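Order as written gives the chain letters A, B, C, D and E; numbering starts at 1 within each chain.
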Amino acid sequence: MNVFAAPHLLPVDWFALGAVMALSAGLLVLLLLELLPARPGSSRGAIVSLLTLAAAGASVFRARGAARSLFGGMFVHDGFTVFFTLLFLSIAALAVLWSWDYVKRTRINQAEYYALLLSSTLGMILMAASNDLITIFLGLELMSLALYVMVGFRRSQLESNEAALKYFLLGAFASGFLLYGIALLYGATGTTNLTRMAAFVADSPLGANPLLVIGGLLLLVGLAFKVSAVPFHMWTPDAYEGAPTTVTAFMSAGAKAAGFAALLRVVLHALAGVHAHWGTLLSVIAVLTMTVGNVSALLQVNLKRMLAYSSIAHAGYVLVAVVAGGPQGASAALFYLAVYSVMNLGAFGVLTLLGRGHDERVNVSDLNGLGFRHPLLGIALTLFMLSLGGIPPTAGFMGKVYLFGVALRAGLVPLVIIGVLNSVVSVFYYLRVTVALYMDEPKSEPTQVNWAAPAVVALLASLALTLWWGVAAHDLLMQAQRSVVGLL
Amino acid sequence: MIPLSWSLTLSAVLFGIGIIGVLVRRNALVIFMSIELMLNAANLVFVAFSRALDSVDGQVFVFFVMTVAAAEVAVGLAIIVNLFRLRETVFVDEINLLKG
Amino acid sequence: MTPFLFLGFAALLVASALMVVIHRNPVTSALFLVLAFCSLAGIYLLLGAEFVGMVQIIVYAGAIMVLFLFVIMYLNLSHDVESGVQIAMRRALGWVIGALVVAEGLLLAGRRWFPGPDAHPIAPLHPGNTQAVGEALYTRYLFPFEITSILLLVAMVGVIVIGRGRGAAAPPAAPPPDLTRGGGS
Amino acid sequence: MTLPLLWIVPALPLAAVALNLLLGDRLGRRGTAWLACGAVGAAFLFALRAVVTLASLPESARVLVENAYTWMRVGEFRADVSFMLDPLSAVMVLVVTGVGFLIHVYSTGYMAHDASFRRFFLYLNLFMFAMLTLVLADNFLLMFVGWEGVGLCSYLLIGFWYERPAAGEAGKKAFVVNRIGDFGFLLGMFMLFAWCGSLNYERVFAAAPHVFPLGGAVITTATLLLFLGATGKSAQIPLYVWLPDAMEGPTPVSALIHAATMVTAGVYMLARCHVLFQLAPTTLEVVAVIGAATALFAATIGIAQNDIKRVLAYSTVSQLGYMFMACGVGAFTAGIFHLMTHAFFKALLFLGAGSVIHALSDEQDLRRMGGLSSRLPWTHATMLVATIAIAGIPPFAGFFSKDEILSAAFANGHPGVWLVGVVGAVITAFYMFRLYILCFRGPSRLSHEAEHHLHESPRSMIAPLVVLAALSIVGGWVGPPMQEGGHAFERWLRPVFASGAEAPHALPAGTEWALIAVSIVAAVAGIVVAFRLYLQKPESGTALQERFAPLQRMWLHKYWVDEFYDAIVVRPLAALAGWCWRFWDSVIVDGAVNGVGYTLEGVSALLRLFQTGFVGTYALFFALGVAALLLHFLRH
Amino acid sequence: MTFPWLTWLVFFPLIGAALVALLPATAHRAVRLWATVVALAELAFSLPLWWRLVPAQPGWQFEERHRWIPGLGASYHLGADGISALLVLLTTVLTAIAVIGAWTAVDKRPREFFALLLVLEAGMLGTFLSLDLLLFYVFWEAMLVPMYLLIGVWGGQRRVYAAVKFFLYTMAGSVLMLVAILWLYFLQRNATGIVTFDLDAFYRLPIAPATQMWLFLAFALAFAIKVPMFPFHTWLPDAHVEAPTAGSVILAAVLLKMGTYGFLRFAIPLFPNASHTAAPWVVTLAIIGILYGALVAMVQPDLKKLVAYSSVSHLGFCMLGLYAMNVQGFAGSLMQMLNHGVSTGALFLLVGVIYERRHTRAIADFGGLWKPLPVFASVFLVVMLSSIGLPGTNGFVGEFLVLLGAFRTNWAWAAWAASGVILSALYMLWMFQRVMFGPVTHAENEKLSDLSGRERLVFAPLLLLIVWMGVAPQPFLDRMTPALERTLELSQMRAVMSANVKPQALETAPADVEGAR
């Protein structure tokens, strides 16, 4: 055990690692608490998780300035990590708030639910923070396993279970590719550490080595699956629709962001040297992703499915930033991911209020007339939709402006034009929601809304951020730009 | 000594068989097995390279992969069992409630 | 003599892998999978990775496949009936595409390729491979090692959640699955 | 200069309009009548005063300008609201206010029982304002204001009895046809501004000789465009078609607008721009020919009409033709002279006709009149005077002006025009006396209740008739022929037309007398024939009609011109519009827009087919994706 | 001036909207009252732009500039000149009138209705006053939302279709403009190293003619759809027909002007060379629009649709004037914008009045209305006359100057356009004849009530404006002309400046990336 004493092995900055440890601890606490019987309808699960997240956030925030590289460069604590850690923590926090009442309503047993939520958050953080393919892989698996279970959480329901099965099978399939890719990269570069890999790639005549190419390609495929980029997106609508709505909200924001975090680290950092050769490839994927996502969403009447497709499309937008590359590209991706997470969580969150008992399905027509009956809900949903569509003065607009601006600067004119036209197409189905909210009358009895204090808090929080980043984007912008400096 | 190319080719073939298995079978369990084949193909690559590069890391990776695989199998089988409970089938082409 | 052993194991591996994919009976597939794993373990040994070889046998062939078999038995699955034009078409497509991927990979790899540099001279493969692995595992790879622990924990929780018998989690009156309801309009 | 207060002349009717609007029905009929007539009367007095002031000036300096305010000024473009009085506008303003005043008075009687009495005088005063603006303007733009303003008022007054569908139709027709003319006027103005850099008369006329070469293409185009405007306003071929329909309006309106004042605006405009027109001989030719043609054409139609007012309408068109003929042959003075006399006797004719119609309780068909001479002595007498005047029997006013035109045409080398003019004179005399006879002489063909209600008009209507009759007799004496150095009227106008070289009648006295004789003979011939055919032996008249049945029918249907325009212009336009909307707009343009949407939805439906819900399919696409990516790198 | 006048002007309606929205939903009277008060107050606040504007003074007046997103170089920059000041006044006047006009028309959810109306006003004012391209775009796009809701919630039968069409069509045009704006932004950055969206900066930036063409096309598309110019007009009739009266009024009176304003403020001065190259095409479309709009209007069976198509025709005049590229044309165009705002706004109000009474807009359902509704008919008459440009009404001044300007550039343009004057008289008078003249054909029209006191109050200022701007337009011209002349000089100067600039790509120099590494 002298190993642990060896100082050069563990130059651990405990605050830098704080998030990881806090989450692990919280996870254990949650599980252990199950030993004490809870009184019916208690919210201790939620409370504990919120405390955990708060603690994690606090510790990371405290060490936000520091730049550390732990465990021989496997876990790096830099601006990038901080940004994403805080993002994931807030996503999780919002998800908890949304779930607070939802899990009670749908009789999901809380301890496991929140435990899994925390662990998948942990997985995401690892994906963003790790500078080594292995840890990325482990983090991804951690996140995914937890999500598989959460998607299938309401196992007595056919949809939920089917969704879990599809997500799981395809996910495992994808991680097979991912792993093979890692293996080949390891072979080609002799290391799994991204920094060393970058160094190696930089000073070797590249594009030539098939191992590297295939490896990078398969790695890309694995991550593309997680961010649901076309043609690896087909699980998305089904999984999103079948999953409990809160889970959908959580994964639509978190898993995607985590996938992109890893993608950014790999593509823009480790394989920066090859990135140039991949421009066309990524562009094609980006275009396909945007277009397929938006166009498929046009005819959806099931809101969750529609939003699922829209999330695919948004992945496409972020991919444009990835194609643009460089620090600008990365910061644009960060900016957009933050914005997207907030507005998307908001949108899905509103759906959690609408689910009728056990019927997860929410059709657009279920919203008929809600806008005037529940003004807050109406305004919120409308603004989220506008933001997703990129209409000012909302965060979504600023995100698109920055993102497309960066892409334009990188000379990706056709890509940008396709992108903006796509956003027009998307507005068509986002508007359908507002049409239902304000312009249609309910045919049957109106959908009832299950208000709950935590949900309202979450709603207001997302709403505030969506608007604030829409009118005053400066701080977030600076944050995003500063966060990528360490990365590239 | 065994040339690296042999092991790589072998792993490639194994990986391919895995993919094919996933694509052609309709029994969720068998599909899952094929996925395990793919993982093993990856492992083979790791081992081969750890040999070629004269570094132990590759083997350590294999160890992690196995752990992950075990975890996946546990969860996956649980899901499949649950599926069978609900649907009395493990055939993936009899399951499409969610589509369109 | 090693090369011949390698080729033998390789042949066995490929054959049994193919059987896994081809054979109709899941049980048989599972057994062939065990065989495949064993032969793979053999190859590991030949590549000088004793520890991995052993773990391969113990974990995979031992634990994982047993779990598989157990499940198959538990669900007592008989032959898969695989007939009908649609299925046939999918099978054909599957073969073609799978083959395509492999072929492309091999073609691509057929070009001049080279492994990366020797990354860690500090951990030479001296006899006593297990020790080396162990050292690496508990020093450089301590962090991932810890993560795997959480990973396994999560897996356990997940299995409990999903595998737990119908009860607490189930709603008193779960609505009957309405199979006509698709996703779209 | 403030003293002569030009602007008050148009301002007075406008003020009346404003008061009329503000006070509304509180005024009562009496008040309204007083207000309207008073305003116009006052305007007449002020005009008179202004003219006196003008006359007091030395001949060379006979022009009064008065700038009210700047209307628009953008860059180098500037248009003022400013008025100008020179001998020409003096004539016009006196005619307008004078005749206008009489007609106002007449109307108080004529419209006495109409429901919307107030609205009538509102419009009438508004018209006076617009007409005076037109006449007094000192730049083209302001003239255009009056020009369109009178058009508007004529629209309103024609459609005054809006319950009659025909009235609304006629009003619209009048306005639109006039717009076609205005279109020309507008473009003409643009050309003048583009070349002369101003729209002010003085500047334009000063600059014109220098910028426009004599007979140059530009000036010809410009003047032709202006003339197009004139044809619209003054009902010349090809745009005369609105005037006959305009008879749907109340008769005083016909008298004021469609006989005495508005329709002569075109002639006034030509006279005003004579400098320009004399730079474009081609245009003058066109004017002369068009004028002559119109004179004859309209006259022939007049023969066959049975509606008393329509006959008068066509005679108006024809007389306007004479005026243009005059301008065309360069005898602007003669044109204005005839304008004035015509204002007198034609107004009188209309008012008389109005009196008849009034007496016969709105009967307008000549075939149901006759023998009224005894029953309506005053009307009969005055009408007779007017008829003789228009027929051109000396010493009545019409003779002098018409004769001057004809001799000028002959003198200035347009014998063809002259001939047409003479023929026209015969026909004019003929149909005018036809009208007179059918109306006043012969047996009564009145319907019974018309007979019953028959009564001479009130004093308020008779008085103006008498005044006008007087004018129709003496009006021409200001311009007797054979004067040394031109007659009084000519001398009065000389400051205006001096600039343009007015062709002097360099005719030997003998020719002069001969021409006079010819025109008198022509007139008498027409009258005699009329008497023979319609009074002494009507049967021969009918016989004649049988002989020339086709001709008769052609005239009765006005040469089918309306039908022709309908087929050539109106229907195609309507068809085009319908096509633009139903096919082009709805199907093509909007179709394209919606098409995009439909296409996208189609693609969407297609994409959803791939989302089968089977894991197998998804895995297949997944693998395909991988294959595609590998292929991409295999390619290089 | 120290007081942030324009900011107050832009955001006061928002405050008012919030205030109205917070009233109890059932307090209809209070809602109307407060909405009116707010609108009138806003009108009062906008008056300084008339009194205190110094036309001759170059540069922006009432200017305000604050940091907004320094990271992007976007600033909160407001300012007015003769052009925008007049349009702002138009906006405030018409909004006030629309609010009062909608008193009785809106019985369904008046609170939300009036609140949205005020929000819309804020958006429009922001669009006219912002001098930072990003800010401009934000207002330009954000303003779609309230209009969309106004049409979609309070509209007629096919309101949803119309609303969505309006939103998507307009947005489809403007997104490309956004791309162009970003392009400009990077051009600026590459050329001068300055990071800014400020209009003044772009006014100083020479742009290669080839590049100009692309950027111009992007801008022009956005504006042309808003105007709307000929092939892009089909959203307009739908939107107008479905929109509630107040919506139509605002839409016609103000929203369309944003397109023409955009051309005048951005497209022409920023891309003079491209504008000059494109002028023949733009003018051709404008003239087609004039004639086509008039023709199609002629055969419309629906009053509102007729007025909508007449707008297409009138806006054609505005475009013609702009692309005459001389000061008369500009002035005429701007006058025409104001005129169209007043006249067409009034026309829509009139149609609304009659729709309120009869719940139909089909011309065939009317006839002989003069008898039961003399006052209504007279007002209608005057408005119609101004709309067909009779001298003495505002319509003439605009049309005349436009045609004059056009003639000076190319006589054929003026000739074609002038024939539109005939057609406009044709369709308007024909409509008037069918609606007002003749005997009363439908019994239910017999006992229609004439304009109420409130309605007269609504129309009085409009009629006043019609006459004032027709008889004494000089105050307006004085205010706009200097600004227009400056715009003209600016574009000519920029044309020379950019004539021989080489086009350059936007890709960042490799050094850029290295620096970031």
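The rule is short, and it goes like this: a contact is a pair of C-beta atoms (placed from the backbone, for glycine too) under 8 Å apart; a residue touches a chain by one contact, two chains touch by 3 or more.
These figures come from a predicted structure and were not determined experimentally.
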Minimal step count in the chain contact network, subunit C to subunit E: 2
Furthest chain, CA centroid comparison against subunit C: D
Winner on C-beta contact pairs when C-D is weighed against D-E: D-E
Most centrally placed chain - per-chain CA mean versus overall CA mean: E
Most distant chain from subunit A, judged by the mean position of its C-alpha atoms: D
For subunit A paired with subunit C, centre-to-centre distance based on mean C-alpha positions, whole Å: 28
For subunit A paired with subunit D, centre-to-centre distance based on mean C-alpha positions, whole Å: 80
Chain centre separation in whole Å, for subunit E relative to subunit B (CA means): 64
Approximate Å spacing (C-alpha centroids) for the pair subunit B, subunit D: 98
Multi-partner residues of subunit D (at least 2 other chains): 608, 611, 613, 615-617, 619-620, 623-624, 626, 630, 633
Touching two or more other chains - residue numbers and ranges from subunit A: 134, 138, 141, 145, 148-149, 152, 155-156, 158, 164-166, 169, 173, 177, 186-187, 190-191, 213-214, 237-238, 241, 299-300, 305, 428
Per-residue multi-chain contacts in subunit B, two or more chains: 8, 15, 18-19, 22-23, 26, 31-32, 43, 48-49, 52-53, 55, 57, 64, 68, 71-72, 75, 79-80, 82, 86, 92-93, 95-100
Those chain pairs that satisfy the touch definition: A-B, A-C, A-D, A-E, B-C, B-D, C-D, D-E
Subunit C residues touching subunit D - in the complex, by the definition given at the top: 90, 93-94, 97-98, 100-101, 104-105, 107-108, 182-184
Complex contacts: residues of subunit D adjacent to subunit A: 597, 600-601, 603-605, 607-608, 610-611, 613, 615, 617-619, 621-622, 624-626, 628-630, 632-633
Residues of subunit B defined as touching subunit D within the complex: 19, 22-23, 26, 31, 92-93, 95-100
Contacting residues of subunit A [partner subunit B, same complex]: 134, 137-138, 141, 145, 148-149, 152, 155-156, 158-159, 161-166, 168-169, 172-173, 175-177, 179-180, 182-184, 186-187, 190-192, 237-238, 241-242, 300, 305
Contacting residues of subunit D [partner subunit B, same complex]: 608, 611-616, 619-620, 623
